[in-house]
Structures are given as structure tokens and as C-alpha cells.
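In the part that follows, the structures are each spelled out as C-alpha cells.
Shared chain: subunit A. Partners: subunit B in the first complex, subunit C in the second.
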Partner chain A sequence: METIKHVINTLFAPQYLVTLVIIGLFLFYRYRRVVTQNKLVAYSILAAPVVFFAVSTLDPNFWVQFKRPDNVPIAGMMLLVLFFTWLALKKAVQNDDRIRDGRPVAEAEPEEEEKVFIWPDLVYTELICLLLVSILLTVWSIVIPAPLEEPANPQLTPNPSKAPWYFLGLQEILVYFDPWLAGVVIPTFIVIGLMAIPYIDTNPKGNGYYTFEERRSEILLFQFGFIVLWVTLIVLGTFLRGPNWNFFGPFETWDPHKVEALKNVNLSDYYYYWLLDQPKPEAPPDADVITQLWAIFRREFVGIFLVLGYFLALPPALVIFSKFFRKMFIKMGFMRYMVMTFLLLSMGLFPIKMIARWTVNLKYFISIPEWLLNF
Partner chain B sequence: MAEADAPRATATGKTEGETTRREFLERIPWVTTAWMALTVAVGGALTASLRFLYPNVLYEPPQQFKIGFPTDFQTGVVSTALKDRFGVWIIRNNEGFYALITVCTHLGCTPNWLATENKFKCPCHGSGFYRSGINFEGPAPRPLERAAISLAEDGQILVDKSQKFLFERGGWDDPASFLSFTA
Partner chain C sequence: MSGFGQRLKDKIGSPSQWFGDLTRTPVWKSLFRHKLPTDPKNRALVVLTNVFLHLHPLRMRKQGMRISYTWCMGGISFFLFLSLTVTGILLMFYYRPTAQHAYPDMLDLMESASLGLMREMHRWAAHLMIITVWLHMLRVFLTGSYKPPREFNWVVGVLLMVLTLLFSFTGYLLPWDQLAMWAVTVGSNMARATPLMGVEGPGAQLMAIGDVPLITAGSDMRFVLLAGRFVGEGALLRFYVLHCLGIPFIFVILLSTHFWRVRRDGGISGPGKGGRLAL
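== the complex of A and B ==
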């Protein structure tokens, strides 16, 4: 039993967890027919987390975190996200079969075209939902009271200090990026990127009906952003981040004195100390601004070229080397293609930076603390 | 029928529904009073709202304070006794004293001193700082800030938080950021 717990604790380390979620997501869509049409497989996938929670609650360390009033809805959210992802995929697979056979999609069947009255059909349904949800919330708030704490003290930060659950993904990103990036630029990009979707993706397929095969890359991309970069990070922040913002496996005690070797290393450190084994270029302290800037540039040039190359050289390179992106480029035109790839690459930067931090303790690609510019 | 809809001239020469010059002049004081009252009310409400933005009592610990005699502090120990009252850690080493401000340079939470691990650790995003204040783990982009520290005339240590010394600007080389004391 202890061995199993230890293995699970290890697998929940973020570098494995995120990798496993990405692989799982890929397999889920790759074997979508088995997942949705084989009853045994479908029920096992849907029941697996319930069984996992039920068995795990026997472990005292898991139970302590699981029963926290803040965490109960997150466990529920995990189940709901899984169920609705599965349900949408099931309907998509059915429609894909219909489309292949040349039949209309399920949503276009004559019985779906029938209309019902707002009153009483819709209003009655709404009333019943309203009553049920009110009862649920009332009972919930009585059974599990809100976790009120002592009065706020500016000199005493709770340990760990967690954002509201819907911001835990952003709080997690704050660990890996500079505050102005993670706190200002990235949230702005998320909002602008979501607003830009209808202008970037003008494909009318999938409007009003479920499908996977007609919208393969779009659905996978969105699910990567939603499941991996949003839901997984919320779950990670809720259940796996403990005192001093250290990682703890689901069966681990939240020990505030857990020691972890997390010493940060910048890319320039790797380049100069590890690869070249020489000190970093440095300007004399009384040098003029140009000399200092030149020294900073020589110190950070690897990271600067990497980041610039990532954002500027990769989009045209993709057009040249990838058939898929070439088709996109021809279809979208220069401007829309560049906006799309910029948003796409920004999104891709999250897992790259996070996995680099978890595996080689990389802090910044470009580190210019003199000018508060860190990337 | 069309004539009935047209404005009808009356005996006084004014059309119905129209204001005479006399009526207009008679109304002026009332309208003026009403507008003045409205201006006063809106202005008062705005002023009161703006006033509300500033607290009646501002609790702010003094920026300059005496923390006791140098001999009150042990060498090699990070003193957390003043954290609650003044928001500083006092560290004494073999050469003397320095005062670190208890604000994480990442997003301003208050880190904890972990004596067994010999580091400051922030509970919000996991930034870690050495005893010197240098950041070495987690997301904090720069070291903790130091406050001015000196000896007052009565022999007590005087800390001045209004003067801050930033490592990345070379501030820690400033003699005011360090109090030499060997005894």
C-alpha cells in the first residue's frame, strides 16, 4: 500500500502530471470510438476518478485536503469536466459517423426541429432547476460552512496563501513568469486571444452540432488550453500546493519544513558557467549606458535570440516546413496568420517554461534585473 | 379640420402653451434656486465620496524607530521579534547589523523566516531568500530590500524604513545600509 501511495505521489509531481494529462488528452481523442462506444471502457473512465477519490479518502493525508470546504467543489469540478468532455465527444463521434454515411447530423433530425412553448415548457423547467439548485446550495452551505479565518493581519500571510479557485491557474503561472508578464500581459493575452477566436477561426463547420473530425485541430488546441493550462493548473494549485508553495503528493503530509532543492538557474548561467566555464560579461560599474547595455546584451544574447527566434522565425519556418501551416497561411493571409501563430506560440510557451523550471530549474530565458525585464 | 390643430391665437396675443415674458421672468428665481440646490447636493455628495476614500485613522507604524541596544541581539540569529510591529528582520552577523524589510519582492506577501532551513520563504508563490536577502528560488525577481540602520546618540540601533537600499542598484554597498558593530 505504501509503495502504491509513493508511486502515486511521484506521478503527481507536476512534470509528470502535466505530461500525463497531455498524453491522456491525446489518447482520449485518438481512441474516441473505444472511449465513447465501448460501454465497459466508457464506464471505467468515468468511474475511475470516483473510485480513486473514494479509496483515497481512507488515507488521512488525502482526507484532510479533500474535505476542506474550499476543495470540495474542485473535486466535483474534476468529475463534471470529465463527464461533459466525454459526453460532447460521444455526440461528436455519432455525428461523425452520420456525416460519413451521408446522413444529416443528429441535431438536424426532424424531431429536433420541433419547437416547444416558452410557457409553460421552458419556464417550468427553469423553475424546477431554480428550486433544486437553491436546495442544493442551502444544504451545502449548512453542511460545509464557509471557511472563515481570523481577522486579516498585514504582517501575517497565511501559509500557503491561495487565490480563489478560479485564479489558481494564474497564481500557478505567477510562479514561472515575471510578475508583470504573469499578472498583466498574460491575462490580457488570454482575454484578447479568446475575443480574437471568431476572427481567426472563420470555419463555419461545427456550428450548432457536435463534431470532431471536421474540427480536429481546433478542438484539440482548445482542449489543450482548457484542460491542461486551466483545469489542471487549478487542480494542481488546489490539491498539490502546500506550505511555502511547495508541491505535495496527494498522500503526503503538508510539512511546512519540507526541504526541496529549487535553486534557480538562468539561461545565461547555463551558457557561461556550465557550457563555457567562464564568468559572465560585466560592465564596470561607472561605465556609460551604452557600455552597460552592450554588456547586458552579451550576457543575455542566447536567451534574446531564442525568444526572438521563437516568436519571429518560427511562424515563417512553419509555413515553409509544415504542410498544415502552409495551408493555413494561404487560407488566412499574412496578418491573420501572424496573429494566430503569435497567440499559439504564446500559449505554447507555458508548458515549455514550466517543464524547464520543473526539470532543470530554469528561471528566466532573459534575465535583466537592472531594467526589471525578465522573460 | 386642419385649422383646429394649428396653434390658436388668444386675446392676449400669445399662443396657448407658450410662456409670456412676464411668466418667464417670474420663474427665474425658482429655477436658479433649484439649480443651485442641485449643484450643492451633487457637489456635497461628490466631496463626501472623495473624502470617504481617505481613512479617518491611518494606522501606519513609524518609519523611523529605535529597536534597542546592539547587545540585545545575538550574533548569527535572524531576529523576527520586530516583524509584527515594524515589518523588519534584524540580522546580526560577525561584522554588524542589517535590517531586511519583510515584503516579498515578487508581489508583496510577507515571507516567513525558516530557521532550520536557513532561508526566508514566501507562502504565496514560494520565493526563497538567503539570510542576506538574496533571492535564490521561486519567482521573486530581485533580492529583499534593506532599510537604513545606524546607531542613535543614546547607543540604541535606529532603523529608518523610509530609506531603502536595493541590491540590484548597488544599494547594499552604501554604508548606511549596514551597521558595523563588533563586540
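== the complex of A and C ==
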């Protein structure tokens, strides 16, 4: 038992958890027919997390985190997201088969096209939904009291201090990016990026019915963002981050004295100390502005070129070298293509920075503490 | 005797007769402009003449009504918002947004107020609403319902989601306990790092006139958000007003737009008659 727990604790570490979720998502969509049509597989996948939760609550350490009233909805959310992803995929697979056979999709069957009166059909459905939600809410409110801790005290900082649960994905990103990115720029980009989706996605297919094969890349990208970068990071931030934002496995005690060695290094450290084996360029403290700027630039130029190249050179390079992107460019036009690649590359920064951190302990690509600008 | 009983029974009538009588009274007739909705004409009138039901069209395609298609998530989000408004208004009767009263009011609310579940209902409905809004977005995405002609309604939806999160964030402070204060401290610390506009943000030093810095702990984004240098009474009042008045005001405008556009954009999305897929 202890070995199993130990293995699970290890597997839930950020680097493995995120990787496993990505692999899981890929397999889920890759083997969509098995996952949705083989009853045994389907039920096992849907039941697995429930069983995992149920068995795990026997562990006292797990139970302590799980039973916090504010954490209950998150467990519910995980199950709901899994179920609805599965349900949508099931309908998509059925429709994809129909499309291949040249039949109308399920949503376009003649009896589905038939117009029905709102009263009584829809009004009653709504009424039943409303009753069920009310019952759920009342029972939930009776069973689990709302949390109320000690009175607010600005002198006493709790450890860990956590944002409200729906922002914990962003707080988790703070591990990899500085606050100006994780707390300001990234949320802004998420909102703008979401709003831009309808104007970027020019694929006319898959409008008004479930399908996967007609919109593969759209769906995979969105699910990568939603399930991996949003939901998984929330779960990680809620259940697996303890004092000092250290990682703790689901069956570990939150030990406030756990110390983790800080061994992250900047790209410029790698370049100067490791590759060139020489000190970094530095301007004398009384030098004029231009000299200082030049010193900063020389210190950070590898990172600056990498980042600029990533955002500015990569989009045109893709058009030149990749047939897929060339087609896309022609179909979408200049503006739309540039906006889309910019948003995609921004999203791509997450896995890049995460992997760089997990493998080579990279702290910043560009680090200019003089201007509080770390990237 | 039995004759008398019969006569009495006729006089009193049966529940269905009472109901029939009721529908013939002038008051009833002034309320409802239709007969019982048992035939097409009256089923149409029911929806047309009722201000709440007329959010809906008279008739719609069967597929758009299916729970397996919409997951009912938009509707549930709306219902949760209504519940939050009702419980929120009840909470406002008890709750005073001052550092002195907020926390004791919470204790009173949970221990002695006669509607002792309101706080629970409000908090859990708020959590639930966030989840249902996300799931609603997921279903709209997976059915491709943001594609023309519904692009704009997706944008409105994203704004609604942002407001839902702000609702919850501002509400989170109000219990004024350690959980509330520090969650909001962590959240609002981010504003300190706003590029150019926060004291610890990149480029803040550039915002200066001569030697006088424009962005200080007393004038940056975080200060604007909290009405102070830390989460204190100013922040409590500010969050309270935003939570109970400011955000609801904007939310309701956007929500009306959202519903209006669902109708104007042709109702719940579907593959479309005569399209390639209808064959």
C-alpha cells in the first residue's frame, strides 16, 4: 500500500501530472471509437476517478485536503468536465460515421428538424432542471457549511496563501512566469484570445452539430487550453500545493518546513558561465544610459533573439517551410494569420517554459531586473 | 339525506370546477390572455403573452431542446444567477460592509438568523455557477455554435464569464475572515505588477516626471483596486458596492444582449435545413 501511495505521490508531481494529462487527452481522442463505443472501456474511464476519490479518502492526508468545503466543487468539476468531454466525443464519433456514410448528422434528421411548441415540452424540461438544481443546492448547503475562518488579520499571513480556487491555475503559472505575465498579461490574453476565436476560425464546417473529424485541430487546441492549462492547473494548485507553494503528493502531509533547493538559472547564466566560461558583461555603475543599455543588451541578447525570433520570425518561416501553414495563410489572409499565430505561440510558451524548467531548470529567457522585466 | 348531500356536493363543486370558475373571474382574465394551453393556438398565446416565457420563441426545432445537445448549461447558469440575486438581497439585509461589523454579521448569519442557509446557498451557488458557465462555454465550442452568425454572441458570452469571475472575486472578500482577506491579497498583488501601471511592474520607473515618480504604492493599479495600500476597510466597501450594484448592473445589460442575440441569430444552433449535412 505504501509503495502504491508513494508511486502515486510521485506521479502527481507537476511535470508528470501535466505530461500524463496531455498523453491522456491525446489517447482519448486518438482512440475515440473504443473510448465511446466499448461500454466496458467507457464506464471504466468514467468510473475511475470516482473510485480513485472514494478509495483515497481513506487516507488521512488526502482527506484533510479533500474535505475542505471550498475544494468539494473542484472535485465535482473534474468529474463533470470528464463526463461532458466524453459525451460530446460520443456524439461526435456517431456524426463522423454518418458523414462518412453520406447520411445526415443526427442533429439534422427530419424528426429533429421538426418544430415543436415551447409549451409544454421545453417549459417542462426547464422546470425539471430547475427543481433538480434547487434540490442539489439545498442538500449541499445543509450538508456542507460555508467556511468561516478566524477574523481577518493583516498581521498574520497564512501559509500557503491562496487565491480563490478559480484563479489557482493562474497562481500555479506564477511558478513559471513573473507576476506581470501570470497575473496581468496572460489573463488579458486569455480573454482576448477567447473573444478572437470566432473571427480566427474560418472553418465553415461543424457549425451546429457535434463532430471531431471536421474540426480536429480546433478541438484539440481548445481542449489543450481548457483541460490541460486551465482545469489541470487548478487541480494542481488546489490539492497539491502546500506551504510556500511547495508540491505535496495527494497522500503526503503538508509539512511547512519542507525546503526545496532553488537551483533555477537564467539563460544568460547558461550562455556566459557554462558555454563561454566568462563573467557577464556589466557596465560600471556610474556609466551613462547608453552604455548601461548596451551592457544589458549584450548580457541578454541570446534570450532577446530567441523571443523575438519566436514571435516575429516563426510565423513567416512557417508559411515558407510548411505546406500546412501556407495553405492556412492563403485561406486566412495576412492579418488573421498573424493574429492567430501570435495567440497560438503565446499559448505555446506555457509548455515550452514548463519543459525548460523541468529539464534544465531554466528560470528566465530574458532577465532584466533593472527594469523589473523578466521573461 | 342523500339528496341533500348531492345538492351540497353540486353547490360546492369539485376542484376542477373551482378551477374553471377561477379562470372565469375578471382578475384571472386580466392576468392571462389565453385559455388552458391544450391546443396550438393557446400554446402559442401562453408564450406570447407572458413576459418571462417570451424569452422563448413559440416553437423551435426539436434538436435545440435536447438536453444532450445544450447540456442545459446556459439555462442552469441563468437560474443560478437568479438564485444568487435572491439570496444576495436577503444577505444584504443582515450584512454591513465595515471592518467592525462584517465578521460578526457573518457569525450572526450562520448562528441566529432565521434563514440560516442563505450564506451557504449563496456561496455554493456561486461556485457552481462558475463551473456551469465554463461547461456552457465548452458545449458552445464543441458544437461550433460560435461560428457565423453567432460570433458576436460568443464575445458577449466571454464578457459574461469574466463578470461571473469578478462577481465571485469581489464576493469572496465580504466574509472578512482570514480566507477572504488573504485570497484577495494574493489576487490583488498581481495588480502591483501591471506593466507601466504597477509599482513592481516592468517599466514603472519610466513613468516619472523628472525625478518625481508617478507610480507609487499610493497611486498604482493595486491602489485603485483596493482604495488603499493593503486590503482594508476601503477595499471592503469598494468590493461590496461593486459586488451588489456595479457588476450586477453591467451583467444584466450583457445578459439581456446575450438572450436577445440567441433569438436574433436564429435560435439555438443546428446543422441547418437544406445544408450539405441535411442532404
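Operating definition for what follows: the second predicted complex is superposed on the first by the 372 of 375 C-alpha atoms of A that agree within 3 Å, B and C clash if a C-alpha of one lies under 4 Å from a C-alpha of the other, contacts with A are read in each partner's own complex, and residues count from 1 in each chain.
What we mean here is this: a contact is a pair of C-beta atoms (placed from the backbone, for glycine too) under 8 Å apart; a residue touches a chain by one contact, two chains touch by 3 or more.
This one's a predicted model, so the numbers in the text were calculated from it and none came from an experiment.
Shared-chain residue A:Q171: touches subunit B and subunit C both. Residue contacts after overlaying the shared chain place A:P179 against subunit B and subunit C alike.
Residue contacts after overlaying the shared chain place A:G76 against subunit C, while subunit B stays out of touching range.
Looking at the shared chain after the overlay, A:L148 reaches subunit C, while subunit B stays out of its contact range. In the superposed model, A:Y209 makes contact with subunit C only, not with subunit B. Comparing subunit B with subunit C, more residues of subunit A are touched by C.
By the touch criterion defined above, A:T157 lies against subunit B and subunit C together after alignment on the C-alpha atoms of chain A. In the superposition on chain A, contact of A:L372 is made with both subunit B and subunit C. Once the two complexes are overlaid on chain A, the subunit A residues touched by subunit B in the first and by subunit C in the second are 153-154, 156-158, 161, 171, 178-179, 182-183, 372. The part of subunit A that touches subunit C in the complex is made up of residues 70, 73, 76-77, 80-81, 84-85, 87-88, 91-92, 99, 102-105, 107-108, 111-123, 125-126, 129-130, 133-134, 137-138, 140-142, 144-154, 156-158, 161-167, 170-171, 178-180, 182-185, 191, 194-195, 197-199, 201, 203-211, 215, 219, 222, 226, 371-373.
Taken together, the subunit C residues at the contact with subunit A in this complex read 37, 40, 43-44, 46-47, 53, 56-63, 65, 67-69, 71-72, 75-76, 79-80, 83, 99, 103, 106-107, 110, 117, 119-121, 123-125, 127-128, 130-131, 134-135, 138-139, 141-148, 150-151, 154-155, 158-159, 162, 165, 168-169, 172, 175-183, 185-187, 189-195, 198, 200-205, 230-232, 269-273, 275, 277-279. Those residues of subunit B lying in contact with subunit A across their complex are 83-84, 87, 102, 106-107, 109-112, 114, 116-117, 121-126, 128, 135-139, 141-142, 168, 170.
Listed in rising order, the residues of subunit A touching subunit B in the complex are 153-161, 171, 174-179, 182-183, 243-246, 256-257, 259, 262-264, 285, 369-370, 372, 374.
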